[in-house]
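Shared between the two complexes below is subunit A, which has subunit B as its partner in the first and subunit C in the second.
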Partner chain A sequence: MRKIVLEKIDLLFEAISNTMSLYLPVDQNDGKAAYTKWEEGKKWSEALNTVKSPKDFFFPQTEDMMEFKVEGKNIEVIDTRKASEDFVVFGVRACDVKAFDILDKVFLVDPCDSYYATKREHGIIVAVACNKPSETCFCSAFGIDAADPKADVSAWKTENELYLQANTEKGEKLLKALENVTEEATEEKVTEQKEQIAKIMKKLPLADLDTSKFGGGKTDEFFNSPEWEELSESCLGCGTCTFVCPTCQCYDIKDFNTGNGVIRYRCWDSCMYSDFTRMAHGNNRNSQKERFRQRFMHKLVYYPENNEGIFGCVGCGRCVSRCPISMNIVKVMKNLGGKENE
Partner chain B sequence: MNNTVDTLIPQVGVITDVRIDTPDIKTFRVVTPDGKKAFDHKPGQCAMLSIPGVGEAMFSITSSPTNTEYMEFSIKKCGCVTEWLHQAEVGQQITIRGPYGKPFPVDDAFAGQNMLFIAGGVGLAPLRSVINYCRHYRDRYGSIDIVYGSRSKDDLLDYQEIIDEWSKDAGVNVHLTIDREQEGWDGHVGFVPNYVKELGFDTNKTAVLCGPPIMIKFTLEGLIDLGFNKEQIYTTLELRMKCGVGKCGRCNVGAKYVCKDGPVFRCDELGELPDEY
Partner chain C sequence: MQKITKEMLIDKATELLNNGTVSLVLGWKKGEYDYDVTPGVFESVEELKKDFVFGDFSAANLSKYLVKKTEKLEGKILVFLKPCDTYSFNQLLTEHRFDREKVYAVGVQCDGMVDIEKVKKIAGDGILSVDCNGEDIVVKTLYNDDMTIAKADVLAERCANCKSKKHVAYDELLGESGEVIDSNRFDEVEKLEKMTADERFAFWQNELSKCIRCNACRDACPACTCEKCVFNNPNSGVENKSPANSFEEKLFHIIRAYHVAGRCTDCGECSRVCPQNIPLHLLNRKFIKDINEFYGEYQAGAEVGSRAPLVDYTLNDLEPGEVFDRGDENA
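Showing the complex of A and B:
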């Protein structure tokens, strides 16, 4: 285990930046944190988490995929994929780290999505334990330990120091390169920190959220629940939940005519949108109720059914704090999960 | 430069023939620029066709895999991509990627079976591939019955091939029907589900259905009334798709993705999925 005093944290950032791009949460002009490329003067945000999740690093909101040259009746396909370079994403929370695993199970299974895979291969994640989990947090319901995030490097921020522990080959390589700015450390303070966080986690209002009612094979049990009607009644279909969600992975593929050729790009899409499934001959999810149900059934039933019981939610709480009508997965679970969850 | 293959990056295809089947369906023959078949496929599988700048859409491959020279797509004019395709001329290049989806179990569950194909309208397109596969390997299957209906005689897809080839094959019985009486038509008149019941098939068959959702619903009921089990009946679904490989997230019915777990489903499996297709 290595450590660095927080006063000198810029030395750590500088050392990383000397060899590769470093991204970390930085407070923006609106006071909210967003992942930003580090340069001298940028301060690591104190915020618990960023408004948008770090899924952008591997699955960007928009991403050019290929180009076409069109001349008369002829078409040329141009593979515009570029090799990725190593980069570090620093300060990722345990929930968002787990979300990468969930996205991996979609994008890396055969046939592997090369756009995602290249970036994933070159991204080095430094996860940081959450000293002050908030009342919208419920990662523990999905078996995530906010005190012990497992990424390439795990980090703990104490009052005066940052402790770093490598977990993977990529992480070891990174810490090795940072030996000049860090020093050898014992686990004492980290253990203390973990215990403190565990105490806070137990007191959180959503700490007892029960997931046991949900999982694969429960489609029949929940699909026709009368509760969907009321739960979805106020849903605006704005898609905010899907955009801030670290695990939502639905995308659209679109063409942009530059006047000089065509760029085919991928962008985030949302199952909450009315045209998401619309076809020339009709729409199999015509109402907002059906679209709303799809989103939650996917996270709580369909995804676990296809992925060894793993839920498609990490309890980051972004949808809890961002939904304009205050509807979210917690309310859905409490309403559908029966009396025990109320 | 990334050297890996990505299924989302298509290859170029050339339209080498356009056949006008009905007032709103054309059949396009597609090969690569060097005149070869773009890829091998199995009956029931699909391909993504696109026109850069217009869009990309999933179509069933209507030609049989036994055709080693080219692929064919029977496409009804009903949206952006299809309208553009309908204006395309021979020599036009498009893009193509695939094959996608689970095929009909032609070499497993279908082997040795009496086959009953039931189609409505452009629903014949995905069935033509498996029908011609079964005709090609005629000795591997028992009797073949084909019930096909459309709005009018002019709306019957592959009409010439049905008359000149299918109905002349030994052990192949073709039963055509149109929705309303029409001058010059002395065949059956009536909807497909009713015709299936009138024909009263023996249940010693494997049935394959494709057509508009309402036709599938009533035909399925009709077959059950005749004594068929859902395990004997297959159909093929169509939902909106972008990727074709179960990642873009839009073609799911419950936990199944039509693009990779389908489009072919056995009706008992389909019955276990939520009614959202």
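Showing the complex of A and C:
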């Protein structure tokens, strides 16, 4: 285990930046944090988490896939994939780290998504334990330990120091390269910190959120639940929940007319939108209730059904805090059968 | 001024349900915490008793829901409207978006809504409870001692710059209706006007580059009630879900601002719902300010049926050349 005093944390950032790009949460002018490329003067945010999740690094909101140039009768197909270079995403929370696993199960299975895979190969994740979880956090409901985030490197922030522990080959390589700015450390402070966090986790308002009712094979039980009507009645269909969510993975592929050709790109889609999975015969989800139901059934039933029982939500709380009408997965879980366990 | 409590609203709704005036109630439902209130429909007194809330977090403007909720409605729906909401209500009526006969509107006195983000900035994260008692707000959190905050310090932007405490539409009032206020709502716009074109461009570039095109601003906006928005219509050629490039991203907001110009009542919903805290209200207020200066004071929704200056013609109207010259001055 290595450590660095927080006062000198910029030395660490500088050392990483010397060899590759480093991204970390930085406060914006509205006081909210967003992943930003580090350069001198940028300060690591104190905020618990970013508004937008770090999934953008591997699955960007928009991404060019290929380009077609038309000249007379010839169409040239251009591969727009760039060779990716190594980069570091620093300060990722345990929930968001787990979200990468969920995305991996979608993008890295056969047929493997090469756009995603390349970035994933080159990305090095430094996760940081959460000292002050928010009232909207419920990662523990999904078995995630906010005190012990497992990424290439795990980190803990104590009062004056940052402790770093490598968990993978990539992580070891990174810490090795940082030996000049860090020093050898023992685990005591980290153990203390973990205990401290564990105590707080028990006090969170959503600490007892029950997931046992959900999982694969529950489609029949919940699909026609009468509660969907009320839960979705004021949903605006805006898709904020899907765009801030670290695990929402749906995308659309579109063509952009450049005048003498086409750029084919993909962009995030949202099951909350009226043209989501629209087909030649029309749409199979015509009401907002059906679209709303899709989002939550996907996270709580369909995804686990196809992925050994793993849920498609990591409890990051982003949809809880950002939905314009304050409707979210927690309210859905409590009302669709979690109620008696409150 | 008397304090309006949720019990008073529940009593009113109960009375109107029981005497058959209305069959449904459009109001606010309580959430997991004290601040995450959801708009919702109530069908019975039991439902009201269980979930109805009204307080400093009943920020959502309910008027737009009337479009959908009255579509197939037999009888009437009761809606509670804060003063700013009544302007949206009138504007929707001006645009024939719902049938006035199907609605029973109760105007509710408003002392301003609280912005939970501002509370968190002062009290910190990990909110356990927020107790609003008139002037003061007591906040309990996981990490700090209980804190008492002055409500004035955590008012939502639109409430700190409230343009009117007057209800411009209602069948009945709960509490008092106030006056149109000479607010400071154009101060920020003036600051932007004083910038050079480059500074202003940089300001908006920085703000709009945060946009994730979730469309919450449009979806919450009571002036955006097109059955199918051009940006959602795959056949329109401009449909898009994501900020594909920065050009598109900026155009979306400018097109939207133009589309609602003269119809935007400055209810503030767009800025309230934006997950990226983009000050969208400043775009709309710029239009409102210009309209006021060029065509005389005009407040969308102040009365039903008024013609907005941009869709009206009078002999005194500004010549296009004057607008052109002004563009030059600001370049």
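Just so we're on the same page, the second predicted complex is superposed on the first by the 334 of 342 C-alpha atoms of A that agree within 3 Å, B and C clash if a C-alpha of one lies under 4 Å from a C-alpha of the other, contacts with A are read in each partner's own complex, and residues count from 1 in each chain.
The rule is simple: a contact is a pair of C-beta atoms (placed from the backbone, for glycine too) under 8 Å apart; a residue touches a chain by one contact, two chains touch by 3 or more.
Everything numeric here is computed off the predicted structure, so don't read it as measured data.
In the superposed pair of complexes, A:305 makes contact with subunit B only, with no contact to subunit C. Shared-chain residue A:31: touches subunit C; no touch with subunit B. Within the superposed three-chain model, A:252 lies in touch with subunit B and with subunit C [touch as defined at top].
Of the two partner chains placed by the overlay, only subunit B lies in contact with A:280; subunit C stays clear of it. In the superposed pair of complexes, A:269 makes contact with subunit B and with subunit C alike. Of the two partner chains, subunit C is the only one that A:62 touches; subunit B does not reach it. When the two complexes are superposed on chain A, the residues of subunit A that touch both subunit B and subunit C are 252, 269, 278. Residues of subunit A touching subunit B in their complex: 65-66, 68, 70, 73-77, 79, 81-83, 106-107, 111-115, 117-118, 216, 219, 223-224, 249-253, 255, 257, 262, 264, 269, 271, 276-281, 284-285, 290, 294, 297-298, 301-302, 305-306.
Across the complex, subunit C meets subunit A through its residues 31-33, 36-41, 60, 65, 117, 121, 124-128, 142-143, 206, 210, 212-216, 218-220, 228, 232, 234, 239-245, 272-273, 275-277.
For subunit B in complex with subunit A, the residues that touch the partner chain are 1-2, 4-12, 50, 52-56, 78-79, 82, 89, 91-95, 212, 238-240, 242-243, 245-255, 273-274, 276-277. Within the complex formed with subunit C, the residues of subunit A that make contact are 28-32, 34, 48, 51-52, 61-62, 132-135, 200, 203-206, 230, 233-234, 236-240, 243-244, 252, 254, 256, 265, 267-270, 273-275, 278, 320, 322, 324-327, 330-331, 334.
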